[in-house]
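One structure coming up, written as C-alpha cells, with questions to follow.
Labels for the chains are A, B, C and D, by order of writing; each one numbers its residues from 1.
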Amino acid sequence: MDFSLVLNEIHDKLKNRNSEGKLAAYIPELAKVDPCKFGIHLLSTDGKEYCVGDYNEKFSIQSVSKVLSLSLVMSIIGEKVWDRIGVEPSGNPFNSIVQLEYEKGKPRNPFINAGALVLADILVTHLKDPKKEFLNYLRILSGNKNLQYNEKVAKSEKSVGYKNASLANMIKSYGNIENDVDVVLDFYFHQCSIEMTCAEMSKAFLPFATHGEAYHLPEPILTKSRVKRINAVMLSCGFYDESGEFAYKVGLPGKSGVGGGIVAVQPDQFSITVWSPKLNEKGNSVLGMKALELFTTKTGISIF
Amino acid sequence: MDFSLVLNEIHDKLKNRNSEGKLAAYIPELAKVDPCKFGIHLLSTDGKEYCVGDYNEKFSIQSVSKVLSLSLVMSIIGEKVWDRIGVEPSGNPFNSIVQLEYEKGKPRNPFINAGALVLADILVTHLKDPKKEFLNYLRILSGNKNLQYNEKVAKSEKSVGYKNASLANMIKSYGNIENDVDVVLDFYFHQCSIEMTCAEMSKAFLPFATHGEAYHLPEPILTKSRVKRINAVMLSCGFYDESGEFAYKVGLPGKSGVGGGIVAVQPDQFSITVWSPKLNEKGNSVLGMKALELFTTKTGISIF
Amino acid sequence: MDFSLVLNEIHDKLKNRNSEGKLAAYIPELAKVDPCKFGIHLLSTDGKEYCVGDYNEKFSIQSVSKVLSLSLVMSIIGEKVWDRIGVEPSGNPFNSIVQLEYEKGKPRNPFINAGALVLADILVTHLKDPKKEFLNYLRILSGNKNLQYNEKVAKSEKSVGYKNASLANMIKSYGNIENDVDVVLDFYFHQCSIEMTCAEMSKAFLPFATHGEAYHLPEPILTKSRVKRINAVMLSCGFYDESGEFAYKVGLPGKSGVGGGIVAVQPDQFSITVWSPKLNEKGNSVLGMKALELFTTKTGISIF
Amino acid sequence: MDFSLVLNEIHDKLKNRNSEGKLAAYIPELAKVDPCKFGIHLLSTDGKEYCVGDYNEKFSIQSVSKVLSLSLVMSIIGEKVWDRIGVEPSGNPFNSIVQLEYEKGKPRNPFINAGALVLADILVTHLKDPKKEFLNYLRILSGNKNLQYNEKVAKSEKSVGYKNASLANMIKSYGNIENDVDVVLDFYFHQCSIEMTCAEMSKAFLPFATHGEAYHLPEPILTKSRVKRINAVMLSCGFYDESGEFAYKVGLPGKSGVGGGIVAVQPDQFSITVWSPKLNEKGNSVLGMKALELFTTKTGISIF
C-alpha cells in the first residue's frame, strides 16, 4: 500500500488548522518550540518510508520514552515489573497523586508519571551507568548514534518538577522506590529530554509492529509475547485520560508525549509518528490526534 | 485453523481447577447456579463451530448485554450517545459512584453500570415497547426466537438493586436520565436477566468479528466503523477494573458478566464465548479469564 | 445583658446588604420565598426575649430539623446511634456520596443528609406513627401546638430529591437503612418541611443552652451530658463544608438550613435564631452568617 | 476547685491499662521512648498547679508545635494566613495528599501536616533566623530558657519524611510554598522535635485559656480575638480524623502530637496537658484521650 497520498492529504488539510491547543508551557524550555511545526513519518514493516512536513526535525520525546524504558525494564527483569506497577488505566489526569495514595504507592500503569518513576528506579538499580546505557539503548533502536540528552530541557523540567518530586516521595514513602529520590528524578528528567525526529521514532518503534524485530538489527529487541503485551498497555493507557478516546477514534496502540509527538503501530504493517507541538487540555498533540484519526478513517486500518 | 484440539486441551486442564472464586452471591437467584458448569464455544467468521463442555446450557448474560444495548443505541442515535456517556476506562470498581459525582452525572463509559443505565434510558425513550423490542433484537442476533427474560432473576436483582438505584438517582439528579428512574431500572434488570447458551452468544457477537455482518442475516447489523469503535470500547472498558489485565493477558476485545460468561472477538476470524460461574474479586469469571489467556497463548492469536 | 441595642444595630447595618446569595432554587417551593425577609430572635435562659425584623414569620426549617431528630433519636436509643453514624466533620459538600461509599454506608455525622437519613430510618423503626410523633415533639419543644408539615414543600422536595434518593439507596445497599427507602425519604422530606418562626426556633433550641431544660416544660428534654455532646457535634458539623469557618468567626454551636434559618446557642446564656433566605454557595444564609459574626464580635461572646 | 483528687483518681485508674496502642514506630527515634510513661499537669488561670505521674519529664511535642507556630504566624501576618490555609476540618487522615491536590495546594487547615508546612514556609520567609527565633518564642511561652531542638529526632524524622516531602513538593507545585522545599522541611522537622514537660506545655498554652495573657509575662502574647479563633480551630481540627470524637467526648479545644502529648484548655479556667506515648490508629495518645474524657466527665467541665 502506498501511503504517500494519504499522508500528503492529511498534512495539507491540517497544517493550517493550528489555532487550537497550547505549547507545554509549564516546562520553560518546551514553551520556546515553534508551534507551527508539523511532520508525519510512516515506516512499513518491509522497510519503506513515507513522510511529509517536518518529519526530519528533532523534538523532545518526553513521555514517549516511557514505552522504551518499559521495554528495557522488561528485557532485564521480565514480568516481575508487574509486582511494582499495574496495567490498569488510571482514570485520572496524568500526574494525579490521588490514586497512588489510595493504592499504597503502586502506580496503576507504567505510562503515568508515577509508573515511569518506578521504571526509572528499576533502571537505576539494574544498570551500571543508567543514563549512558539508556541513551545507548535508544541509539540502537533509533539507528542514530548521535542521539543526545538535551541538558537544557532536563534542567528546565527539574526546575519546575515539583509534582514529579511529590509523586516520587510519595512512592518512596511506600517503599516502592529503592534509590535516592533525587537520583531517580534526575534519570527521569533526562530520559524525557531526549530528542528524536519522526523518522527516528518510527524506526525505534518498528519492533512493536514486527513482533520484536528491528530490520536494521541482527537480533530481536523483544520477544513476540512482550511486544503483544506492551502494545496492549499502550492501547489502554498510552494517552493519559484520553486513552479510551484514542482507542475509539484511532484504534491503534500508541503513545504521546508533551513534546507534541505521537507514535502508533499497526502490527504486521507499520509504525507511524506524528509531531505537532500544540497540546489539548489532556496533554496530547491536537494535530497529532487528528492526523491519526484521519489516517485510520481514510485507510480503514485498525486493529479492530 | 482447527480449534477443536486447543479448546479440549484447555477444558481438560481447567475443569477441575474450580476451587477459586465465588458465585455472584449478592443476586440471590444467581447464587443457585451449579458452580461446576464450564463451557466454551467458538464460531469462526466462515461459520464453523468448535465447542466443549456445557456450551449448550443457558446462563444469565448480565453485563454482556451492555454491548448489545450499546449497538442497538448506536443504530438508533449514532454517535450522539457520546454526548451522554464517555469512552474512558473508569479506573474504579464497576459500581462506583464516586467518578459519577465528580463528573456531574456523565458516566465514564457505557460498560460500567452507570453507563448502561443511561443506555437503558435512551432505549426507553426511543423504543415503543422497550422490553419487547430489545428482546427481539437479541433473538435476531442470537438466532434463537425463544430467547426470554428470566423474570425470577430480574426480580431477584431488583430486590437487592440498591446500588443501581443509587446510581440511577444520582444520574437523574444531574439530568442525564430522562425517564422515570423505576422504569429505567426495570428495563435494566430485565436486560441483564436474559439467558443464552455459549453457542447463542458467539452467534450474537459474530458481527463484531465480521465488521457488522451476521452470517445468518441478510443485512449487516452494524457499520464497519461502529464495529471497530465498539470493539475499542470493549478492549479498554470491558472488564471493569480488570480491563487492562485482560488486554494485557488475552489481547482481544471482550465483555464479561457476573453470570460467569465472557465473550471475545478476533476481527476477521471468530467470536468465542466461555462460561464458568465462579467469579474473582473483580467480578469476572475465574476460569473464563484463564481459558481465554491460555487460548491466545497457545494459538498465538491477538489483535496486537 | 440587654441585647436589644446590638440586635437592632446589626439588623440596621445588614438589612440593605441583601444583594449577595441566592434562594435555594433547587427546591421549587423555596424559590418562591421573599428574599428580603430578615429577622433575629434571642431567648435568654432566664426567659427574656429580644427580637427584630421578621422574627415572627414562618420559614422552612429544613436541615435545622436534623438537630431535633438527633435529640429525639438519642432520647430513644441513646449512644447506640453512634454505631450507625459517626461524629466527624465530613470535609465535603453536604450531599456528597463519595465519603459514604468510601466508608461503607456509615455517614460521617448526623448533620449531613446521609446521616439525617439514618436518623429518619431510626425514627421510622422506633415510632408507631413517625410523622405524627415527630411533629408532636417539635410542637412541645417550640411551644406551638399548631406547628405543621408544609405538604407543598415536602412534595416539592420529593419532586427533585434524586440526590437524597441516591444517598438513601447507597446506605440501604450497605444495610444501614432498615426500612423501605421510600418511607424513609417521605419522613425525611416531611421533617424538613416544618415551618417555624425565629421565636419558635429559639424556644425549641433553648434546652441546648440550659443543659436540657425547657423553661416552659416540667421535665428536662435531654440530659446534661447529651446536650453537651450534641452541642459539640453542632460546632464541628453544623454548617456543612463551612463548619470550621463558623466556629472560627462566630464561635458558637449552631445549625443552618437551606430555608435560610440559622440557630446558635451560648450555654448558660441564650439561644439565638436568624433568618434570611438568600444562601451562599455552601448553602448557608449569607446574612445569617454575617449577623452572628457581628453579634459575637460586638458582644465578645463565644464559647472560646 | 481542687483538681488534685480527680487527677490522681484518673492516673490510678488508667496507669495500668497501657496495653492498647503503639508507639509512633515510623519515626525511629520516637520508637525508643518508654511506653509506660504517663503524666498529667493542670495549670489554672490563677497560677495554681496540679500534677501527677511523669508530668515533669520531657517528651517530643511534635504536632502540638503547630498551634504555637500558628500563633507566631498570626502575630506576624495576622488574618492574612487564611489566604493560604483554610480553617475547615480535613475529613481525611492527617497526611493525606488527596484533598490538597483537589483543592489546588491550599491546605484545609493549619493543623494537618500540609497546613503546618505552609506555616513553616511563612516563618522561614518572615524570620531572620527562623529556627533560633521560633525556639526563642517557645522558650518565652514555656518559661524554660533551656528548651532545645532534639537534633536526633529531627534527623530521624527527616530520614523517613517522604510523605512530608511529597506534601511540600505538591504545595510548591501550586505555588503555595515560597521557599526552598528542603529549607521548609528542615524547619518543620526541627519544630516538631522540640521537647517539653507536661508542666512546660501547660504553661505555654495558658494564654489560650486567658484570652492571651501569660501570667509570667508582662504583655499578652495574643489578642483576645485571636485566642478565640485559634481555640475554635483547635476544637474542630486539633485531632486529625478524630477531632469530632474529641469534641464529642471531651468538649475542650486541644491539640495532640505523635509524641503522645495532648494539651487542652478551658477558657477562663485552666490549661491541661497529658502525656502517654502509645497511640491509637488515628495517631492520638490512647491514655491521653481517655484521661481527658474522664476528666471532663468527672468534673462536668466543658465549653458546651
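Assume a contact is a pair of C-beta atoms (placed from the backbone, for glycine too) under 8 Å apart; a residue touches a chain by one contact, two chains touch by 3 or more.
Just so it is clear, the structure is predicted and the values come from calculations on it, not from any experiment.
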Homomeric contact chain A-chain D: same or different residue positions, threshold half: same
Of A-B and B-C, whichever chain pair has more C-beta contact pairs: A-B
Between chain B and chain A, distance of the C-alpha-averaged centres to the nearest whole Å: 32
Separation of chain B from chain C, taking each centre as the mean of its C-alpha atoms, in whole Å: 47
Chain B: positions in contact with at least two other chains: none
Chain B to chain C touching residues, read off their complex: 96-98, 101-102, 162-163, 165-170, 172-173, 181
Chain D partner contacts - residues on chain C that touch it in the complex: 86-92, 99, 108-109, 224-225, 227-229, 231-233, 235-237, 241-245, 247-249, 251, 253, 267, 297, 300, 302-304
